[in-house]
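One chain, chain A, links the two complexes that follow: it is found with chain B in the first and with chain C in the second.
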Partner chain A sequence: MKTHSLILKLSQYALLLLVTLCTALLCICVGSVNIPAKDTLSVIWDTLSGQPVEENVSGAVIAFVRLPRVLCVALAGASLSLCGCAMQGLLRNPLADGSTLGVSSGASVGAVLAIAFGISVPGVPLAGTMAMAMLFAFLSLMIILALSYRLDASLSTNTIILIGIVFNMFSSSVISLITSFAGDKVKDIVFWTMGSLADSSVTDVWTILGALLIFGTVILRYAKELNAFAIGEDNARNVGVDVKKVKLIVMIAVSALIGVCVSIGGVIGFVGLIIPHMTRMIVGPNHRRLLPATLFSGAIFLMLADLLARIILKPLELHIGVVTSVIGSFVFIFIFYTTRKAK
Partner chain B sequence: MLEVKNLTVHFGSLMILDQISFQIKAGQWLMLVGPNGAGKSTIVNAISRGVPYSGAIFFEGTDLSDCKPAYLARRIGILTQNHSIGYSFTVEEVVRLGRYAHSTGLFSASSHEDTVKTEHALEVTGMLPLRNQSVLTLSGGELQRTFLAQVFAQDPKLLILDEPTNHLDLIYQKQLLELIQTWVQETGRGVISVVHDLNLAKAYGSDALLLHHGKIASAGSIDQVLTPEHLEAVYSMDVYQWMRDMLSQWTTQQE
Partner chain C sequence: MKCTKQTTAILAFCLLLALSGCGGAQSASVSDSELEASQTETAAGETSFTVTDMTGRDITLDGAATRVVALTASDCEILYAVGAGDTLVGRGEYCDYPDEVASIPTVQSGENTNIEQIIALKPEVVLMSSMAQTEEQVEALSNAGIQVVVSDATDIDGVYTAIELIGSVVGRGDQAEAVIQSMKQAFTDIEAKVPGDGSKTIYFEVSPLEYGLWTAGSGTFMDEMATMLGLKNAFADVEGWAEISQEQVIERNPDYIVTITIYDGQGDTPVEEIMGRQGWQSITAVQNGAVFNADSNEVSRPGPRLADAMESLYGFVYGDGSTGAETAAA
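For the complex of A and B:
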């Protein structure tokens, strides 16, 4: 019988951090041009300590292309996994995630609307798109949950999947509709839709990091409450959880984080489904261990997926979503069948 | 302890509870009895704030609708009949969650008292050997005892049970009710439970509330309420005769 302590031990954190850093280093070194780890480390050191980067190709590649990209990918992976994990706890369903429920595509609708109608904050380039993506992620989540609760209050797997499919289709048709009426904004919309974490800038890194620090902390703060929800919402109420308040706060944090990730890197499906599931198999379902562990495993997974996308068809580069969706589909089927069988 | 005044609940035009008033004092075990659809479970749901209601419910003079959920959970514990858990939490994790309302602070760490109360709850319910087992692998009786341990760990003054012995084997019914009987004997504690089985109500209850179509048919001590006349009026059958017939099957076999 496996036993788990209530929280992760310091040594376990250190191990996770070490693996994450090694993966990051690997992903920065390997690519269209392979750069030795020693050179990479010295360039990273120079960049982080603010010294001028050596003026050669590998220095520039690392400092301005690979480092921001890998950092962005790692942070997005951590954020999306954390969101998936929180939703699976809150809704007590292992198949709940931003991409399966349609929250991510709802966020895209917001982003596309912002571009089409030129909603922006002067001086802050991405702010309009981001704010709209966050708002629409939240609205989508509210609509999806309201629809699901009307159908069945226990939010069974079937309900979640069906509502998710419908909402995803609805969102993509809305995006097509906006695009066809967008006139001269079509170019911008297509450009955004094609965009990915591949062309991340240092600003993007700071933006996701900021969002993760704020909203990630909020989610981590509610680990105990998420345990209560994962056991059952009625039980959560009985032990004294302020059910409505916690649900609202976690939903806001999740949608905000998904909104930020989508506005920067587009929809990256299934990350929030695969990672919490695999991590749960290792550390157990207690969110006080699970949430911090998914942060690391999500970062590691998405960095590796990105690496795979870059090198598998070298010199051609795949969209990272292709890699995650291929893996995700199999994991989805696996979870669906095992949870169904258990009943 | 608990005072219910003019409690009324309706779903749309359907009246579920109509102006129910009663109270419970420390040391009492109040049995809510009555046929299906009489509104027994709805009373429990109203107290746990699972359904909207009109009227007022007071706990030691404080209106429940003014209380924060954690404040309420430190005073009133609720054991329901259905538990379906989606993830493989251990027994101990589920029981420890009962301490939720007692932990304070932003990143509330568990105190020594939390550990002591959790251990004690695991011990009295006999779940200590299974503490690290996944709740997904438990039998119905073990699962019910796990949640009883959770509510014991919660350490409320008033325990509310919604058909606690449903789906339980006789041996577990007996164990569970005896555990609760021991629990209520400590000072300042009370129990309200919904039961279908009139035998259990009579054996363990001190007081009873007989409900019929959302109204109180009879209230008072258990012997005053469960009389042949009252039961016949509510259940439209001779309950005493039925009980005697049931028992006589066994006595004749013995002879």
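For the complex of A and C:
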């Protein structure tokens, strides 16, 4: 096992950034409509430099459809992976993730409730759904952890996963129940549950970016504490970590970030589970390296998954969750197999 | 778990469409289910006769049905159109036209079909569409002495067959024939005055951007109507109802856009929302303000109102104002 320095070197950051940018460029250039790379680049340049975009097919497709979508997908990928990584560190559990624990589906319950009861903030579309999704993500996390602690103070993998499965099922049935009673909102709810990042607008990009800047920074600042947690909660306490406070803050940040992602793009499974694992294999378990690296790898992975979803069946669209889950399952089994075998 | 949710969502969506009567969703599975004329079609209840429903099942009735439950909205509409609204004793929860149906008790339909509810209404015949039916349900109903008649229209000819079928079930063959003739007449009239040569394109938006764009491809009523209007469906290469991407719409640059989104009374109307979409300003339809909000039930239910839908679409495309088509100003 090679040894790693404590933090990523500047050159390593540059490399990650370069790969991310190249992936983004590829994803903007390729899509169900063929647009010459030259046109694409000039439109991207115009958009980014604030010049008016030409009103033709390539201008419209690149500037208003693909660019926001790719950026949104990248940011969502980064956010979800970061959340997964933080939860795995906090709970010392390799299977912890928003989707396995049921936090994402909890957030969906919040969003569906907001739609069913017409909870909204006047003038700010999506705000009601988003606030409810964040709130319910946090509540779900609290319920899941409280139950897990009650049953098994050591928070073993089995306990957490079992509770997660039960909570996931519970959330789905609550959603079905709300749908049954929703009357004329049924259509809105059904459509929302099918929603995806496909319709991302510039506003969505700014929203996720804002959330990632705030809550992502919070999580990144606790990298050291997460390292201490990785060895054990007692150890963390012994080296002077305010265990309760750190846990609470990280959990709030994680649920807020998941809530924002779910309310904009729906539940996207496996990203937060697989990406931290793969990244850990490359940069090692130190959270001061792992967390920032996860941001980039999550963005890269989700952009590529979205690219596949867009072009595999063109002109039809595939849901991004289908792609992440198929790839995710195989990668997961592979990782599981190789790590078990290594023992 | 995720996949299951996904599938459930898609199924639920299909179901919603099916229940609101979009029989066009399925590709034609029963192609030649011709209605074999009944033997002796007399007025109420003297002789038994046999009809063949649209899945090819033979159903023998003791006489014209006087108590009917219609699970599908289009069947319910047909029943009223042939003047047999008084035979309706129960309706599926999505049957909402004509207004009189409001007083008829509702039963659950689709995947929630509740056999007990139906039996309690003591109907002689239950009308349903092929999507809403399982073998077990049909068997349970026939064990209770209730005949199940399935309509399965996937094109306009299929709708004629369905009207004829339902007409004979309730002993209103003549009225059914009259309804069919008037529909045919309406379509012929419109086709006769359509100047289009199929060079202009039309894009049907079944679900709005906010929820992911869905369109009606080939094998749907909307596609068939586009052809009759002398237009080409911009997504004719796509089969049935399908999710498509914004960039495809922008590239295909339709001359007309028809949305069937129902306006919920808040914020932008569906037409305003489409006109204001970023990146859509390069589309001919948006530039010309040729965006129209059609009545979702009219254009997607396989029933007599397809003729009305056709007329409002004609009014929108060729603008003779006969139906007060709502065309947004740019």
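What we mean here is this: the second predicted complex is superposed on the first by the 329 of 343 C-alpha atoms of A that agree within 3 Å, B and C clash if a C-alpha of one lies under 4 Å from a C-alpha of the other, contacts with A are read in each partner's own complex, and residues count from 1 in each chain.
Assume a contact is a pair of C-beta atoms (placed from the backbone, for glycine too) under 8 Å apart; a residue touches a chain by one contact, two chains touch by 3 or more.
Since the model is a prediction, treat every value here as computed from it, not as a measurement.
When the two complexes are overlaid on their common chain A, residue A:T338 makes contact with neither chain B nor chain C. When the two complexes are overlaid on their common chain A, residue A:N235 makes contact with chain B while staying clear of chain C. In the superposition on chain A, A:N168 makes contact with chain C only, not with chain B. Ranked by how many residues of chain A each touches, chain B and chain C are led by C.
When the two complexes are overlaid on their common chain A, residue A:K224 makes contact with chain B while staying clear of chain C. After overlaying the two complexes on the shared chain, residue contacts for A:Q51 are found with neither chain B nor chain C. With both structures placed on the common chain, the touch criterion links A:R310 to chain C but leaves chain B unconnected. Common to the chain B and chain C contact sets on chain A is no residue at all. If you check the complex, the residues on chain A that touch chain B are 1-4, 6, 92-94, 221, 224, 227-228, 230-232, 234-235, 237-243, 280, 284-286, 342. Against chain A, the residues of chain C that register as touching in their complex are 1-3, 5-6, 8-10, 12-13, 16, 207, 209-213, 235, 237-238, 242-248, 250-251, 253, 262, 264, 267, 277-282. Remark: chain B residues 48-50, 68-74, 77-78, 80, 83-90, 93-94, 97-98, 100-101, 103, 106-108, 110, 132-133, 136, 147, 150-151, 154 touch chain A in the complex. In the complex of the two chains, the chain A residues touching chain C come out as 31-33, 55-57, 59-61, 63-66, 99, 105, 125, 165, 168, 172, 179, 186-188, 190-196, 198-199, 201-202, 267, 269-270, 310, 314-317, 319, 321-322, 325.
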